[in-house]
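Shared between the two complexes below is chain A, which has chain B as its partner in the first and chain C in the second.
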Partner chain A sequence: MGIGWGLNEEVIKDPTTGINLNDNLIDYRWLTMNDIGPIDYHLVEGGLGLGPYGTSGIGECVGASSHGVMMNAIYNAIGKHVDDFPATPQKILKALGKI
Partner chain B sequence: MRMFEHVNVTTLDEAVAALAKGDAAVNAGGTDLIGTLRIGVLSDDLYPKSIVNIKSISPSLDYIKEEGGMLKIGACTLLEDIAKSSVVHEGWTALAEAAHKTASPHIREMGTIGGNICQLNRCWYFRKRDNWFNCLRKGGNMCYAMAGDNRYHSIFGALKACLAVNPSDTAPALVALGAKIVTTARTIEAEDFWDMTIPGSTVLANGEIVTEIQVPALASGVKSAFVKFALRKSIDFPVVNCAAAIGGGDARICLNAVYNKPVRATAAEEAIAGATIDEANAEAAGAAAVTGNIVLPAMGNNPGNKWKIQIAKGMVKKAILACA
Partner chain C sequence: MFTRTEWGARFKYYGKIIVRVNQDGKVLLRYRRLDPGMMTENAYVRAVADEMGMKYEDIYTDTTTDDGNFDVWGPGGSSGTGTNLPAFIDGALKAKQKILELAISAPDYVPYIPFEGKTPEELDIKESIVFEKANPDNKKTVREIVQIWSGIPAYHNFIMHNTDDIVCVGETPGFGWAPYSSHLGRQAQFAEVEVDPDTGEVDVKKAVTVNGRGQGDKS
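For the complex of A and B:
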């Protein structure tokens, strides 16, 4: 989910009519399992959450952080910041001054 | 989806007769056709009244054979069978790689090579559901991509005022390998097979069906390769793809998804033919391949398609280096 936000997922509208142009899963490029590498996870049980016995929800945390992490990875790779989501090839080429 | 008649034909003559009036569509794998019909891409006039199933033709059009050095592939051969065929892989590497990189495993197990080369063009205005944009390709009078979001559209300008791209992965491989397309009426050079028609993407007439694809043996020392740039690995149409067959002082390079039909990169061919294949020469050939491009400018949220030129350059370079 986070990787998709970082790299591909974007609603594209026709500038003249405002009609959504990519309302299908071919043009709205939702990543599938084959596009994502193996995931290694570690749960840190701090016991400091606000719920009973110090529990806290973990469902969407990765969604909030991974696209930011991906931007750092892009900076690490090319030495330029891409400051707009999703970091499409077009934006990366622009950051590199190629277009 | 509307009502249509479904016809199972058993001979090619029956199929030709059923298609002669021009109000029927051919169905083999159906991976492009059924989706197109289901979401209502086509206008009322173009919506087929009957679907002609050619999988029931006997003898079957599903075969891969090598005769006198020439590869012959039946139109109904599954893409997966071509991708897995050791004969194709050894002799015509670019074609096997192209078939392998098409769509997803499920679609390759359904889709045929005949369907892959005859699929309708890709453009989100053309393909919008319920015929929302009645564009040129459907008998309308304008190309909505001209003033719209055209980030994935043609970088070599419009063909008959249409900016859509041909999305086939096997098409550039067939052009680079010098294939011929055999239909029920004639034999066409792969290079001349595609055109902008309403709503089709090929030069096929009404009642004409692709029956076989013939690929000549490559001269000794010629290597072929296919590369594809897409935004997803699992399933995606190409942003740009490129096939090359280089060796023996000769080169054939073909780009696709950059124009209404596959484009021979003749300037790149001249640059690399006979030259040593190295990083610098490949880079120069890549730059030569995109000369004559026409950039669709960025406007508002539309980034334009200038970025595709860089991708095309890179694809030509990669394809050339893969032939080393």
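For the complex of A and C:
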């Protein structure tokens, strides 16, 4: 989710009519399991959550700032800031002064 | 590349918590729960354990829903972790200092002083044990220190001193602008990417999300 927000997902609207031009999961470029590599989990049972058996959610974590760290990593790689989500190849080339 | 989300700090939110060292040497964390569903408790406990030198398992939490217990509280949701966590660090540092001060003295009816002639600066706490830095073999458990002051009959069979538990109030320092200011305290993110400078394509080599990280927030 965070990688998608950082690199792919973008709502594109017609500047004249305001109509959403990519209101489907193909043109919106939603990442699927085929787009990412294997996922490893390392669970440490803290037991302090308020859910059953001390469980708690972790879902928000990837969405809260993963997209931000993608932008920081790109800056670390190319030395230029891309300050607009998502960091598409076009925006990266623009940041590099190549287009 | 490591990043932190700095919500609470930038909006100058403020939170207040309680770190209480019980007479059995366990540490109770009381606070207003602000982040339902997430593993924020783990982050709080780890941060307090690190700051106080206590064992993780010697700390437990209690969420209050009583408005009367806290005159101010932080924002709800994730932002609340950004105010509570530095408040817990503040409370943990106060509680540790209090324990070290108690360790160099004792009530009149207790026949000995655990670290007589020492100063708090000469002592430290690790793994729930207070010890002399220059002589680590000179040590007492936090429980022993607290019990000396709590009136446990092991030290005086006839006098119940009934000293309160050690209660320290932690506050979000400097409204988020102190050295250990507010960050989204429950998580850390890392990413390794490769960028093709000719095409602009990004290849994400690794992405790591750590939840309930606790310490690392003090920076």
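One rule holds in what follows: the second predicted complex is superposed on the first by the 81 of 99 C-alpha atoms of A that agree within 3 Å, B and C clash if a C-alpha of one lies under 4 Å from a C-alpha of the other, contacts with A are read in each partner's own complex, and residues count from 1 in each chain.
The definition used in the following text is that a contact is a pair of C-beta atoms (placed from the backbone, for glycine too) under 8 Å apart; a residue touches a chain by one contact, two chains touch by 3 or more.
Every value quoted in this text rests on a predicted model; they were computed, and no experiment measured them.
Touch criterion met: A:I19 reaches chain B, while chain C stays clear of it. Judged by the touch definition given at the top, the superposed model places A:I78 against chain C, while chain B stays out of reach. Using the contact criterion defined above for the overlaid structures, shared-chain residue A:N34 touches chain B, although it does not reach chain C. In the superposed model, A:P89 lies in contact with both chain B and chain C. In the superposition on chain A, A:I58 makes contact with chain C only, not with chain B.
Greater residue coverage of chain A by touch, when chain B is weighed against chain C, goes to C. Once chain A of one complex is fitted onto chain A of the other, the partner contacts of A:M70 are limited to chain C, with no touch recorded for chain B.
In the three-chain superposition model, chain A touches both chain B and chain C at residues 7, 88-91, 93, 98. Taken in their complex, chain C has these residues touching chain A: 1-5, 33, 36-42, 45, 60-61, 63, 78, 184, 186-187, 189-195, 197, 199-202, 204, 207, 209, 211-212. Within the complex formed with chain B, the chain A residues making contact are 7-8, 12-16, 19, 21-24, 26-27, 29, 31-35, 88-91, 93-94, 98-99. Residues 39, 124-125, 128-129, 132-133, 144, 147-149, 151, 229, 231-237, 239, 299-303, 306-307, 309-311 of chain B are the ones touching chain A in the complex. For chain A in complex with chain C, the touching residues are 2-3, 7, 36, 44, 46, 48-51, 56-58, 60-62, 64-66, 68-70, 72-78, 87-93, 96, 98.
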